[in-house]
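Below are the C-alpha cells for one structure; questions will follow.
Order as written gives the chain letters A, B, C and D; numbering starts at 1 within each chain.
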Amino acid sequence: MEPLESCAWVRNAGPLWQQATTGRFLDALADGSLPAEAFNRWLLQDFHFADALTSFQAIALAKTPWELRKPLLAGLAALGSEMDWFQSVAAARGANLGGPPHPICRHYCDFLLRVAYIESYPILLVVLFGVEASYLAAWSRLRADGPYQEFIRRWSSPAFAGYVSSLRALAEQHPRDSSQVYFEEVLNHERDFWTMAWEG
Amino acid sequence: MEPLESCAWVRNAGPLWQQATTGRFLDALADGSLPAEAFNRWLLQDFHFADALTSFQAIALAKTPWELRKPLLAGLAALGSEMDWFQSVAAARGANLGGPPHPICRHYCDFLLRVAYIESYPILLVVLFGVEASYLAAWSRLRADGPYQEFIRRWSSPAFAGYVSSLRALAEQHPRDSSQVYFEEVLNHERDFWTMAWEG
Amino acid sequence: MEPLESCAWVRNAGPLWQQATTGRFLDALADGSLPAEAFNRWLLQDFHFADALTSFQAIALAKTPWELRKPLLAGLAALGSEMDWFQSVAAARGANLGGPPHPICRHYCDFLLRVAYIESYPILLVVLFGVEASYLAAWSRLRADGPYQEFIRRWSSPAFAGYVSSLRALAEQHPRDSSQVYFEEVLNHERDFWTMAWEG
Amino acid sequence: MEPLESCAWVRNAGPLWQQATTGRFLDALADGSLPAEAFNRWLLQDFHFADALTSFQAIALAKTPWELRKPLLAGLAALGSEMDWFQSVAAARGANLGGPPHPICRHYCDFLLRVAYIESYPILLVVLFGVEASYLAAWSRLRADGPYQEFIRRWSSPAFAGYVSSLRALAEQHPRDSSQVYFEEVLNHERDFWTMAWEG
C-alpha cells in the first residue's frame, strides 16, 4: 500500500496533517501515562462521534452510485460492529456512554452531517477518506504497547489500513475543485478533537 | 412468527393488501408459464428498484437512533449482496441490467426517496416494513416449484421472514398518526409495480 | 426576449416539447367548452402541485449560492401569493381544495422533491426552468378569451415570461451533463399532468 | 406584544439567555467605542451567517405545511433584502465581505444546516425563533445612539419585533419534547458568536 504521504491532499495540507494526527492525548496513551478517567472521557466523545459518522456514511452510501458502493457498505458494517464493541469496552472499563457530547465533538458531528446532506458523493468520499486516513495515521504512529495496546492495534491494523486504501482510491477517482478545502476542514476538526480529548 | 394479517396496518388496508401481493405476473411465474423475456424485463426493473431501496434504507439508517439500527444494518448488508446476486443472475440468464427504469418503477423510487429525505425515522420504518412485508407475502403465496423456484424460495425464506418480523417490531413500536397512510401508499406502488411487470 | 424554441434543451427534446405544452384540456379551456367541474378538479391538483413546487423552490434557493438567488427569491414570493390567489379563486368558484392529490400529481411532486434533496443546484435550476417554461408555453398558445381568460392571461403575461427568461439565463449558465435528461423528465410529467387534467 | 421573558423557553434557559444577548462587543458598539475595524470584521461574519440562515429558513419553509408558511415567506424575503443591504453597507464602510468565515461562525452555520436537513418543522420553528428572538433582545437592550445607531435601530425596530412575535406564536403552537434543548443550543451559539465578535 502506498504511504498516505504520497496523497496530494495530505501533502497540500502542509503542517495541518501533522497537527491532525498527533497530540498530547495520543502521546500519553502510547507511553501508558494517560489516566483511566481521561481515556473514558474520550471514549464517550468517540462514541458520539461514531454515531454521527454512521449517519454520515449512510448518507454517503445513499448518494453514491451502486457500482462504487462496496467499500462504503463494508465500512458501514464495520462501524456497526464498532458501536457494539464500544459498549462492551465501556462496560468492562466502567465508562459511561450516556453523557452528552462536548461542544467540540458537536461541531465535528454538525460539520459531517451538514456536508452529508448538502454535498454530492465525490465530496463525501474525500471527507470520509480524510476522517479515516487521519485516524489511521494518528494511531499508526504509536507503539502498540502498554495498557492501551488493544486500541492502538485496532486502529493501526492492516485491515483498517486496507479500508483506508480503498477509500483513497475511490476519492482520488472523483476529485472536485473543493476536495482540498473539505479535506482540510476534516483535519481542522481532527486536530481540535485531539486537543479536546487532552484538555477535557 | 405472527402472521402478517395480524398486523393492524395490513388489516386496515382492506383489499389493497391482496392487490399489492398478487398479480398475473406472479401467477405465471408460479405455474412456469412466464416467458423468459418477461422475467428478464422485470429483473431489470427490480434491479433499479433495489438500487433506490438501498438509498432509502441508508437514509433510514442515518436517521434512526443507534440503539435501533441493528436490523437496518443487517438489511442494508443483505441488499448489498442482493445487488451482486442480481448481476450474476442477469449474466447467467443473458438479461440486460443496463436499460432505463420504467415510469412506474421511477414513480415508486421517487416516492421512496422523497419520503426518505423528508420524513422522520418512525415513518421510514413503517414504509420499509410495508415494502418488505408485501414482498414476502407475494412470494410466500407461491409454490416453490418450476423454472423460477430459486426466486420463490429466496423471497419466501425463513431468513427473509425473520427480517420482516424484526422490521415489523421496530415499526410497531414507533407508530405515528400518518403510518397507515404511508403503509397504503407503499401498497399502491407495489400493486402498480406487479401490473407493470405483467403489462411491460 | 428570445423565443423558448431557441433553447437547446427545448430543441433537443423533440416532439416531447409539444406534447408537454398542449392537450385537450387546454384546447377546451381556450374555446370555452371546458365544464366548470373539470376546471375545478384541475384547480385542486394544481394547488397540490404548487404546494410541492414551493418546497422544491425553497430547497433550490437553499442550495444556490447567494449571488444567484435573486430570481429564486422573487419566484418564491410570487408562488406564495399564488397560493393565496388559489384559495380566493377556489372560494369564488365553489371549488374544494381539500381533496387528495391524484396519483399522477403525486408522481410529479415526488419527482420534484426527490430531485430537490438529492441533486445540486445546477440541476435544480434546469428543472425549475423546465417546469415554468413549459407552463408559459402551454398558456401562451391560447387566445386570452372566454370564461377562463383570467387564467390564460395570468400564465402568459410579460411578467411571467420575464421570470422564465431569468430562470433560463441562470440555468443556461450552469449546464451539466444530465441537464437534458432532467429537462425531459419534467416534460414527461407535464404531459402526463395535462392528460390527467382532461381524463380526471 | 408580550415580552420575550414571558416565553417558557427563555425562562427555562436561565442565565444562558442573558449570556446569549449581551457581550462586550455590544457594549462597545452602544457606547461608540467600538473600532471601525472590529465592526467590519463582525460584519463579514454576520454576512456569512445570514447566508447560511437563508438556507436554513428556505429548508424550514420547504418542510412547513403551506397554511403556516406566511411568516416564513416574509422572513425569507426580508433576509434577501438584508443580503443586499449588507453589501451596500460594506461598500460604504470599505468593509470586505470576501473573507472566510471564522471557525465559530462555521460551527453555528453547520449546526443550523444540520438541523435544517434532519429535523422536522416544529424543531425548525423553535430554532428560528431562538435565533431571531435572541438577536432582537441583544439589540433592544442598547440605546439607539452614536455611530452605530443605524444598526441598533434596524434590529430593535417594531417591524423586527413583530416578526419575532409571529415566529414565537408559530413555534409555541408546535412544541416538541426537544424544543428546549434546541432553543438552548441556539443560545450557546449566539453567546459564542458575540464572544468571537469581540475577541476576533
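Some notes on this structure:
Here, a residue touches a chain if its C-beta (ideal position, glycine included) is under 8 Å from a C-beta of that chain, and two chains touch if they have at least 3 such contacts.
Since this is a predicted model, take the numbers as computed values, not measurements.
In summary, the chains found to touch both chain A and chain B are C, D.
Where the sister copies chain A and chain D meet, the same residue numbers recur on both sides for over half of the interface positions. Across the assembly, the mean Cα position most removed from that of chain B is the one of D.
With centres defined as mean CA coordinates, chain D is found 34 Å away from chain C. Centre-to-centre, using mean CA coordinates, chain B is 45 Å away from chain D.
Averaging Cα coordinates per chain places chain A and chain D 33 Å apart. Annotation for chain A: residues 63, 117-118 touch two or more other chains.
Taken as a contact graph, the chains are fully connected, with every chain touching every other chain. Remark: chain A residues 63, 117-118, 120 touch chain C in the complex. Contact residues on chain D toward chain C in their complex (touch as defined above): 51, 54-56, 58-59, 61-63, 66, 69-70, 73, 76-77, 80, 83, 116. Chain A makes touch with chain D in their complex at residues 103, 106-107, 109-111, 113-114, 117-118, 188.
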